[in-house]
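One chain, chain A, links the two complexes that follow: it is found with chain B in the first and with chain C in the second.
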Partner chain A sequence: MIRNTFRKEVKEIIRDGRIKIAFGIVFLLLAIATWISGKQYRSVNEQHAEAKAAERLIWDNQGEKNPHSAAHYGTYAFKPKYPLSLIDQGVDKYAGSSIFLEAHKRNEAQFSKAADQTGLARFGDLTPDFVLLFIIPLLIVLLGYNAFTKEREMGTLLLLKSQGITIWKLIFGKWLALFTPIFIVTLATFVGAGAILSNLNDFGVFKWEHLGVLCLVYLCYYIIFINLVLLISSRAKKSGVALVLSLSIWIVACLAIPKAASNIAEGKHPYPTRQEFAANILMDKKEGLDGHDPWNKQAKLLEQDVMNEYGVDSLHQLPFNFDAYRMQKGEEHNAEVYFKHYNYLKIQFESQSKVYRSLATLSPFLPTRFLSMAVAKTDYSTHWDFADTAEKYRIEVQAFLNNDFAENSTYGDWSYKTGETTWKQLPTFQYAPLKLNEILWRNSSNIASIAFWLLASFGFLFITIKKF
Partner chain B sequence: MIIIDQLTKKYGEALVLNQLSLNIKPHEIYCLLGANGAGKTTTINLLLGFIKPTSGSAFINGLNVSENSRKTKRFLAYIPENLMLYPTLTAVENLDYFSGIGGKNLSKVQLEDFLNQAGLQKGAFHQRISTFSKGMRQKVGIAIALAKDAKTLLLDEPTSGLDPKASNEFGQLLHLLRDKGVAILMATHDLFRAKEVATQIGIMKQGVLRQQFNAQNISLPELEAAYLETMDFKELEV
Partner chain C sequence: MYKYNFVYELKVLVRNGWIQLLSLLLLGLFCFAAFNGSEKVEKRKLDIQAAKTEVRESDHDMLMLLDSVEQGMEVSASRWTIPTSPTAVGNYHPRVADMSPKPLAFIAMGQSDLFTHYVKPTMTGDDFTLNFTEITNPVQQLFGSFDLSFVIVYLLPLIIIAFSYNVLSAERESGSLKLLASQPISLRNWVLQKISLRFFWVALLTIVILTLVMMFFGTNTNLKDWFSILGITIAYMLFWFTMAFLVNLQTGSSSKNAIILLGLWVVFVLLVPSVLNQLGSTLYPMPSRTLMINEMRNLKAQTVKRQDEILDNFLRDHPEYAINDPNQNRKFYHRYVAAQKLVKEELKPIINKFEQQLQKQQAWISQLRWISPAIVTQQSLSTNAGTSTADYENYRGQVIQFAEAWRTHLVPFLYNNQSFTSKDYDHLPVFTYQPLKSNDSSLSWLVLLVISIVLGATSIGLSSKSKSSSTLAT
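Up next is the complex of A and B:
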C-alpha cells in the first residue's frame, strides 16, 4: 500500500509540468551556486596560500632592524577558508579574512568580502546555503501543500477510503514521495560539492564525514518542513487554504523569526558602539603601564620593583635592557585590557546566542542555520576562536621580540639591531579549528532543538492520522 | 451479501434514516429509488462505514460494518455519482493503484483484461484520465470492482449525467457483475435504468422504505405510478 501510494505520487509529481519547472529551477540554482562557490573557494584559498607565503617571506627578509621596530612592522594572521564553506559561507563574508598583528594593539579582522562589494551586495549572494535554507523549503511547500486537499477536492479520498486504505500507510506513502525528490536534490548537491572539494587537494583537509553531517542536518530540516506541510494539507479543507498556511509557515520560520530574533537579541544584549569600545580600552590602557613612556607612574613603580629585585641602584646595572622589559610589561598590561573588553563582547555574543537558542523552538530555521555554519566552520564561534588564537600569537610575537631586545642589549641602547636569523626563529602562525565532535558538543542545544522539531512534527502528524 | 437490519441514522433531531431493513443476496441488484434527501446516500455511507448508525446494524458478507469497518471493505467496491480518478495517470495506472490499495497487485496483462471486461476501448487503456468522459471513468470504476473481485458493489447514482448509450452500457456491465455473483445496491433517480437492471426495487422517502417490488413483477409505467404515488404522499402529509 505504501509502495503503491509512493509510486502513484511520484508519477503525479513527474507529470506535473509546474513541478518539473520548479525542480529545474532549483537544480539550476544549486548547480550555479555550487559552481560559483567552488570557484570562490579555490580563488580565496589560492590568495590565502600566496599571501601567507609572501607575508612570511617579507617578515624573514625585512632586513636588519631593532626588534621593536619589527614589532611595529607587524605581520598578518590569515584566516583559513574551510572546505565546507563551499556549502555555507556563514559570516565569512562579513567577518574579515586576516588580522594585522602589531605591537601594543589588538586589531580586528579586516578585508571582508562584503567591504569590497558594491551596494548591490545588500541583495545577497547566490550561495548553496541560500538555496538549501530558503528555496528547498519553498519547493517542499509547492510540492506538498495539496497532498491531501487534492484528494478531497477531486473526490478520490472517498474512493481510497472505500478501498480500505490504511491512513498511516497513505500518509507514509505521500511522505516518502515528497521526501524522495528532496533527498535526491540534496544528495546531488552534497555529492557534487564533495566531488569538487575532493579534487582540490591543495587546500585544507576535506572529510566526507563532515559533509555527511552537514547533509544530515539539512535533511532533518527538510523532514520537519515535509511534516508541517503534510500536517497542514491533511487538516485544511481546500488547497488554496493549505497553500496560504504553508507559505505563512515558511515566511514566519525562514524570514520573520530569524529577523525578529536578531532584533530581540541585539535589544536585550547590545554590543557597545565601536567608539565606546575604543574609548573604554583607551581609558583602561591609560590607567596601567605604558611601555613607551618611562615617566608613567606605573613605569616608575616597575623600575623601582625591578631594581629592588636585582639589588641595583641604576637601570644600567641590570643584566638586560630595561626599556625592552618595560615594553614587554606594557604589552602584558595591554593584553589584559584587550582580554577584558573582548571578553565582554564574547559574553554579549553568548547572551545573544542564548536568545537565539531560546527562540529556536519557534522556528527550525534558527538551529539549522547555526548548526550548518558551525559544521562548515563559518560561524562567529569559529571566528572568535581564530581571533583569540591570533591574539595569543600576537602576544607571543611581542614577547619573542621584546625578550630578544632585552637579552641582547642594555638599557638605553636603541641602536641594537637584529636580522634574518632572529626573524626566522619566530614560529609561524598556526590555527587548528575545533574538531567535529567538539563542534557538535558545543552545538548540542541546536541539535536538541532540531530533535524537538522532528519529534513534535512527527507527533502532530501521528495525531492527525488518528483524526483523519 | 448485504443485510441491513433496522438501520437508523439521526443528525441531532433530524431523522434521516428510519429503521431500514434490506437483504440483498449474491446475483441480486437492488435499486433504491427516491428523491433527494430520501436517505439513499446515507444508507450507502453507512454500509461503507463512513458514518456510524444511531441504531440498527449493517452486515457485509456476514461482518458487522460498525465493528469491522476495514475488514468489510475487502469485500466491497464503491462507485460514486461522479467517479473521480487521478487525471495525470492513465486508466491502467489508476486501476493498478486502486487495486493495489485494495490488496491486489496485478500484472499489466491482467489490468488490461479487467479494463477490457469493463468495456473500455483498448485505445484508451494508456490514455490519461483527464481526457476521459464520465462514462469512461465509470467503466474504470467497474474495472476496479472486477479487479478487486468484490462480493458487494455499492453505487450512488452512477448513471446520472450519462448519455443513453453509455447508461445502457453501464447497465450491461452491472448484469455482468450480477452474473459473477456480486450483490449490488444502487441508489438512483433513474426509473428506466432501475427497471432495466434491478432484481429488486425499493422506493424511499424521508428515510423510510415505503414500497418494495420484484422488478420482474412490475412494468415501467406501474413503477412510475408507484414512485409518483409515494412522492405525492409527501404532499398529502404536508
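Up next is the complex of A and C:
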C-alpha cells in the first residue's frame, strides 16, 4: 500500500508541469547561488591570506623604534572564512572581518560588508542559505498542500476507504512521496557544495562530517514543514483553503517571527551606542592607572609600592625601566576595564539569544537558522570567540613589548630602540575555531527545539490519522 | 446590474467577516510595525541628546580650566589635556556631528541599524577610519526589522493575494458561475467590479489606518509626507490588485491562481531584488577592505620614517606657519599633523574608489528598479524616512567635511604656537546636518500608478477582443 501510494504520488508530481518548472527554478537558483558563493569564498580567502602575510611583513619591517611606538603602530588580526560559509553566510556580512590591535585600546572588528552595500542588499542575497531556508519550504507547501484535499475534492477518498486502506500507510506513502524529491534536491546541493569545497587547494579545515550535520539540520527542518503541510491538508476541506493556511504558516514562521523576534530582543536588551560604550570605557579608564601619566594618583601609589617592595628610594635604582613597568600595569588595568565592558555586551547578547530561543517554540525557522550558522561557523558566537582571542593576543603583544622595554632600558630612557630581531620574536596570531561537538553542545537548546518541533508535528499528524 | 453587484458584494464581504478580519489584521500589523519603528527613533533621539548633554558638560569644565589657566592658577589636570593646547581641544573636546531623524524615520528602518547617528571627529583622527557602523548584535541586522516598510512591501501583497485569488474561480467551483453567465454582464466587467470593490476597501482601510498611525506615532509630519507615503502605498497595492485581476481572468482553478500569484510575489519581492543586488556587486565590485588596510599601513610606515622631511615640505607649502617655526621647537603634533595630511591625500584615490563603486551600484539599481515594484516601494519609503543608503552617504560626506573644518580651524593655532583661549571657544565650528532634498519619491509613485493602470487597461483591451469566446467558455 505504501509503495502504491508512493508510486502514484510521484507519478503525479512528475507529470505536473508546474511542479517541474518549480523544481527547475529551485535547482537553477541553488546552482547559481552555490557557484557565486564559491567564487566569493575563494577570492575572500585569497585576500585574507595575502593581507595576513603582508601585515606580518609590515610588522617585521617597521624599522628601529621604541617598543612602545611599535605598540601604538599596532597590528591587525584578520578573521578567517570557513568552508561551510559557502552554504550559510550567516552574520558574516554584518560583522567586520579585521580587528586593529594597538596599545591601550581594544577595537571592534571593522569594515562589515553590509556597510559597503546598497539598501537593496537588505532584501537578502542570493546565497544557498536563502534558497535552503526560504524557498525550499515554499516548494514543500506547493507540492503538498493538496495531498489530501484533492482526494476529497475528487471523491477518491471514499473509494480508498472502501478498499480497506490502513490510513497510516496512506499517509506514510504520501509523506514519502513528498520527502523524496526534497531529499534529492537537498542531498544534491550538499554533495555539490562538498565537491566544490574539497576541490579547493586550501580546504584544510573542510570536513565532510560538518557538511553532513548541516545537511541533517536542513532535512529535519524540511520534515517539520512536510508534517505541517500534510497536517493542514488532511484537515482542510478545500485545496484553496489548505494552500492559504500553509502559506500563512510559511510567512509567519520564516518572515514575520524572525523580524518580530529581532525587534523584541533589541527592545528588551539593547546594546549601548558605539559612542556611549566608548565614553563609559573612558570613564572607567580614568579612575585607574594611566600608564602614560606619571602624575596620575594611581601611578604615584604604584611608584611607592614598587620602591617599597625592592627596598630602594629612587626609581633609578630599580633593576628595570619603571616607565615600561608602569605602562604594563596601565595596560593590565585597561584590559580589565575592557573585559568588564565587553562582558556587559556579552550579557546583553546572551539575553537576546534567550529571547530568540524562547520564540523558537513559535517558529522552526529560528532554531534551524541558528544551528545552521553555528555549524557553518558564521554565527555571532564564533565572531565573539574570534574577537576574544584577538583581545587575548593583544594583551600578550603589549606584555611582550613592555617587557622588552623594561628589561633592556633604564628609567627615563625613552630613546631606547629595538629592531627587526625583536619584532620577529613576537608570536603570530592564531585562531582555532570551536570543535564540532563543542558547537553542538553549545547549541543544545536549538537542537532540542528542532527535536520538539519534529516530535510535535509527527505527533499531531498521528492524532489526525485516528480521526481521519 | 452594477449597483446590485456592488451591494451584493459588500453584503457578502461583511457577512463572511472579510472586512472585519482585514481591518483587524491591518490595524494590528501597522500598529506593531509603527511601534517598533518609533521605539528605535526614540532611542536614536535620546542617544543624540545624551551625547550633546555630555559635550555641554565637558565644555563647561573646559571653560573653567581655561579660566583658571588664564588667571595664572595651578591646575591639576594632566599636562597634555589642558585646553590651552589646540590639540587638546581638538582631540578631547570634539563636537557632536549628529544625524537627527527625519519626521518619517519610523516608517522604514532602512540602513539605520547599520550606521551610527552621531560621531565626534577629532583633530588627529583619520577621516577614513572614522567608524560609522554601529555596534549591534548582527543577528538583528540579518533578520531585519518588523517595520512599516516590511508590512507594506512584503505583507500587503500577500494579504491582497489571499483575499482576491479566487474571485472568479470560487464562483465556478461553487457552481454559481453558470447563473452569472446568464446575466447581461460581461465576465471581464464583473471580475473588474469585484476586484475594484476589494481594492476600494483595502485602500480605504489602509488610508484610515496609516493616517491614524502617522497621527499617533509621527511627530511633525506634514501633509506632503502623508501624501507621499499614501501615494506609494496605494500605487503598490494597485499593482498587486492588477496582477490579481489578470490572473483571475485566466479562469484557472483557485489553487492554480494562488500558486501563480504567489510565484509572482516570490519573483518580485524575493528574487528580483536579490538577483539585482548580486549583479550590481558583480558588475561594480567593491575593492577589498583588508587590502586597503595593508596599503594604509604601508603608507603610514613610510611617512613615519620621513616625518621631518614631510614637515619641512609642509612648511614650505605653508610659509605663513614657517615664520613661527624655530626649528628646535618642533613637537610631536607638528610632525604628526603634517604627515597625516600627506597620508590622507595619498590614500584619497583608494578611499574614493569605495564611494564611487557604491554610487555606481546605486545608479545601476536606480535604473533597473522598475523591474520590481517592491524595489521602487522600498526605496521610496526609505528615502522618505531618510534612512536610505544615499542619506547615510550624504551624512558621511558632511561629517568628513566638518572634520576637515574642525582641523583647519585648529591647525593655525598649532603651527603659530598660539594658545587656545576662552575667547576662541565661541568661534569653534558647529555641525548642522542638512538632510537630502528629494523629490524623486513623488515621481516614483506616479510612475508605478501609471504602470499598474496601463497593465490593467491592456488586459481589459485584450480580453474584450476575445470577449465572446470568454463568456462562452464559462
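Everything that follows uses one rule, which is that the second predicted complex is superposed on the first by the 466 of 468 C-alpha atoms of A that agree within 3 Å, B and C clash if a C-alpha of one lies under 4 Å from a C-alpha of the other, contacts with A are read in each partner's own complex, and residues count from 1 in each chain.
Everything below uses one rule, namely that a residue touches a chain if its C-beta (ideal position, glycine included) is under 8 Å from a C-beta of that chain, and two chains touch if they have at least 3 such contacts.
Computed from a predicted structure; not experimentally measured.
> Per the contact definition in the header, classify A:Met154: touching chain B only (first), chain C only (second), both, or neither.
A:Met154 contacts chain B only, not chain C.
> Regarding the shared-chain residue A:Arg15, is it in contact with chain B (first), chain C (second), both, or neither?
first
> Which partner chains sit in contact with A:Phe349 here, chain B, chain C, both or neither? Use first/second/both/neither.
second
> In the superposed model, which partner reaches more residues of chain A, chain B or chain C?
Touched residues of chain A are more numerous for C.
> A:Met1 in the overlay: touching chain B, chain C, both, or neither? Say first, second, both or neither.
A:Met1 sits against chain B, while chain C stays out of touch.
> Mind working out whether A:Ser162 is in touch with chain B, chain C, both or neither, as first, second, both or neither?
A:Ser162 contacts chain B only, not chain C.
> Would you sort A:Val312 into first (chain B), second (chain C), both or neither based on which partner it touches?
neither
> Once the structures are superposed on A, label A:Ala260 by its partner contacts, choosing first (chain B), second (chain C), both or neither.
Only chain C; A:Ala260 stays clear of chain B.
> Hey, which residues of chain B end up touching chain A in the complex?
48, 50, 70, 73-74, 76-78, 80, 82-89, 93, 96-98, 100-103, 144, 148, 154
> Under the definition above, what is the set of chain C residues touching chain A in their complex?
32, 36, 39-40, 43, 47, 50-51, 54, 78-79, 110-111, 114-120, 129, 131-146, 150, 154-155, 158, 162, 165-166, 169-170, 173, 253-256, 258-259, 262, 266, 269-271, 273-278, 280-282, 286, 288-291, 293-294, 297-298, 300-301, 304-305, 354, 358, 361-362, 365, 374-375, 378-379, 382, 388-389
> With touch defined as at the start, can you tell me which chain A residues reach chain C in the complex?
Against chain C, chain A makes touches at 18, 29, 36, 47-48, 50-51, 54-55, 58, 61-63, 73, 76, 78, 90-91, 93-98, 108, 110-126, 130, 134-135, 138, 142, 145-146, 238-240, 243-244, 247-248, 251, 255-256, 258-263, 265-267, 270-277, 279, 290, 293, 295-296, 345, 348-349, 352, 356, 380, 383.
> Would you pull the chain A residues touching chain B in the complex into a rising list?
Residues in contact with chain B: 1, 3-5, 7-8, 11-12, 15-16, 154-156, 158-166.
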